[in-house]
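Right, one structure below, let's go through it.
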Amino acid sequence: MRADPGALGRLIVASSTAPVSLSRELIALRAARELAPGSVVNLGIGLPTLVAGFVEAADGIRFQAENGILGYSGISDSDFDADLINAGGQPVDLLAGASFFDTADSFAMIRGGHIDAAVLGGLQVSARGDLANWYVPARGGGSVGGAMDLAVGARTLIIAMAHVTREGEPRIVEVCDYPLTAERCVDVIVTDLAVIDVTARGLSLRETAPGVSVEEVGAWTGAALDTSGPVREMSL
Amino acid sequence: MNAEVFFTPDAAVADIEDGSTILVGGFVSAGTPSNLILALKRSGQTNLTAVANNIGLGDLLDELCEDRQLSKVIATFAIRASGTRSSRFEAQYRAGEAELELVPQGTLIERLRAGGAGLGGVLTRTGLGTMMAEGKQVLELDGESWLLERPLRGDVALLKAWRGDRQGNLQYRQAGLNFNPVMATAADLVIAEVEEIVEAGEIPPDGVGTPGLYVDRLVQCEPIPVRWDG
Amino acid sequence: MRADPGALGRLIVASSTAPVSLSRELIALRAARELAPGSVVNLGIGLPTLVAGFVEAADGIRFQAENGILGYSGISDSDFDADLINAGGQPVDLLAGASFFDTADSFAMIRGGHIDAAVLGGLQVSARGDLANWYVPARGGGSVGGAMDLAVGARTLIIAMAHVTREGEPRIVEVCDYPLTAERCVDVIVTDLAVIDVTARGLSLRETAPGVSVEEVGAWTGAALDTSGPVREMSL
Amino acid sequence: MNAEVFFTPDAAVADIEDGSTILVGGFVSAGTPSNLILALKRSGQTNLTAVANNIGLGDLLDELCEDRQLSKVIATFAIRASGTRSSRFEAQYRAGEAELELVPQGTLIERLRAGGAGLGGVLTRTGLGTMMAEGKQVLELDGESWLLERPLRGDVALLKAWRGDRQGNLQYRQAGLNFNPVMATAADLVIAEVEEIVEAGEIPPDGVGTPGLYVDRLVQCEPIPVRWDG
């Protein structure tokens, strides 16, 4: 399941309505670089799951799954075991020192602030770090899973998402118009165009994707973006 | 306090009444009582409220919608944000034929735990400032806001464990724990399917995930494999 | 640790200020008879601990200890194991099918109404079933342990205590003047003089101790006592 | 996320600061961190608040009173209702030299659990209509009264387990669990004494009572036997 970063160049994709951008895999790779060695990390369903494929074993990062596992290393290639899955239903491999616990203990861990970082997908992030990622009004109903607890409880919340919608609408906005997951919870946004920090004074551009200019990021962003800091190009 | 051993899942669920609230253990494929769910389908009871982590993620809970047995679902994951396949429940929900109460996972397990532990509720930050807070009491304590979440209980709990002994002690495998141990505490009638029924003492005291006093009925079943492929 | 009921006659004791009465062991024996076969029972510290010595193995009664054991049979005669004790610190023997859990799960079990019966000691019980058993005003400070949770959570609460204080003052009173453990929680009172049920209409005498008259029980009781039901002599 | 291994209990507690709140695991003799308690005594830190099930029941926590290190105790069992022997803490409490907050056992563990689980409190019936309710908020919900109990946390937790691995995973023996797993979640610095330190993987995943992420420091010690004889 480990991707080959050297072959990632071809994963940069283009569409008619959205900017030329990094693939989902490159977003996951860049999000993985945000994780500190030795940290405990929860990965949301979808794109964030790919992050597990881009961490180095030597970094000793341990993944926690809402359903009650601490210490899985990534998605398993071996036979499917119905009782050994992550919160997305995918089979996982365990590291030495892993543990199982029930959902109550799992969310005590999450809500209680014991998870170093969570990487979640996003529909929208606002200028003050509000997150919307569980409810698409056009579809209704919604599926929240552990997202609200993770947004409240993870010490660092990293949102990994496409910078704009398929229709080219910014997902980074002044105020979310999708229903919120939690207020003022996002610390870092990693997209196909940029890495943006959410600070007490608003959004601050830290990195741009290869071949993407600061101006382009600003143009595809629907909220005020401080570009005055040192802005680097992402190293992938 | 021995658990009653049933020889078929159908017999174990036969007296569940129409209109019951059913707690269903499991998390996607792990620790999911698929034999009991299918027995409940065959039983034909209707107007049921199901409380479960998920419906329509490869689980068989969605099968209960074929004959419209579920009038309400309380879950964390019920309507997919994307994807082409739609569950039967999703279709019935969209048609206004079934009700959905969506609850954050950590809040759902705490509400169930409160229901089983004799607590009147818990205060959480989860859901503050979101749709989940609508209609709920917010307490301001020492300058912080907390959402009051109230207990949740079932008439019946359907659980899946690895092994059960004749006293009702349950031992779980790996991530098969999930919602099962807490749901065991929060229903009037607790029914568990297990892969093997053993004599008391075969499950070591520190391997018991659910103490026997919580479990009323046991049935030994070959597990039915389910899987979610997204 | 099993007492010999045949030898219990000599355990009936007398004092200068209190009535001729049953010993602590006989109170425990009579309290044990209140326990239904197959039930799960918690025993308080002190006199109630003796109850474990008077249950028949065939009855399948299983004791729960607040510190996190379900399924001990009684006090152990074997070597002391610091990690295998009941809530009173006494070593215990386990039955097949016993289980260990932490204090949070133990009190979920107790508070949640999953314990069939608790036998606790008492300082005072009121006519409406209020219990006071944790705080002696003259001593102050108090030690509550699990008593308040057991009083609230046990399905049936049996109080096993001396009918009067050493000074001859009734412990069964109209209104407790000791600080309460819980309101309206007591179901049955077993003393050295009588077995009394707490009903919706007040206290009802069910049994008298051998050689103790209904009138004597009434005289040593500080609350209205219905003696109109069928009152039997305790069989010990 | 490896736990730091210390070679003596004294080294493991050396930087605890005066005035700290210390959660102390154990229940009378079971799962009680006696080596760490005695190290704390030798360290001489003062003005400490101890949170523990009991003090003066054969436990060594009372030793901290010899040099008046405890200014406050939060416990369920601290003053004996009878008996001739008196603990040092009891004497200091009676002399007005140390403070006591008595808490029902089920409430103490829920307050600690709330502190560790990010909950703002729980509602319980325990203590309603008693001295325990004084000064506390009572909520009337659907015709029932509930006492609001608030979270409790420590600066430090001192725990005792059977085995610990280098990642900090703890495995408990028998009734040695008690307050330890919850206290592990509710302190900023968690120090555990264990009878044996093993390599990661030697404790099976379903035998872990406290997942390693909660444990900061480990020290291997010969357990000190204590016993309460009433």
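Read from first to last, the chains carry the letters A, B, C and D; within each, the first residue is number 1.
Operating definition for what follows: a residue touches a chain if its C-beta (ideal position, glycine included) is under 8 Å from a C-beta of that chain, and two chains touch if they have at least 3 such contacts.
Being a predicted model, the structure only gives us computed values, none of them experimental.
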If a chain touches subunit B and subunit C alike, it appears here: D
Most distant chain from subunit B, judged by the mean position of its C-alpha atoms: C
Selected interface, A-D versus C-D, where C-beta contact pairs are more numerous: C-D
Subunit C-subunit D separation of Cα centroids, rounded to whole Å: 29
Interchain centroid distance [CA atoms averaged], subunit A/subunit D, Å: 37
Separation of subunit B from subunit D, taking each centre as the mean of its C-alpha atoms, in whole Å: 33
Separation of mean Cα positions, subunit C and subunit A [Å, integer]: 57
Subunit C, residues touching no fewer than two other chains: 100-101, 107, 111, 152-153
Of all residues in subunit D, the ones touching two or more other chains: 110, 113, 118-119, 124-125, 172-174, 205-206
Interchain contacts (touch definition) - all pairs: A-B, A-D, B-C, B-D, C-D
Touching residues (chain side subunit C, partner subunit D) in the complex: 65-69, 80-85, 87-89, 100-104, 106-107, 110-111, 134-136, 139-149, 152-153, 179-183
Residues of subunit D defined as touching subunit C within the complex: 27-32, 53, 57-58, 76-81, 90, 93-94, 100, 102-107, 109-110, 113, 124-132, 162, 172-182, 209, 223, 225-230
Footprint of subunit C on subunit B - complex, ascending: 1-2, 113, 116-119, 165-167, 169, 185, 199-201, 203, 205-206, 208, 211-214
Subunit D residues touching subunit B - in the complex, by the definition given at the top: 110, 114, 118-125, 139, 141, 144, 146, 148, 150, 172-174, 205-207
Touch list for subunit A against partner subunit D, complex: 38-40, 60, 62, 70-71, 94-101, 107-109, 111-114, 152-153
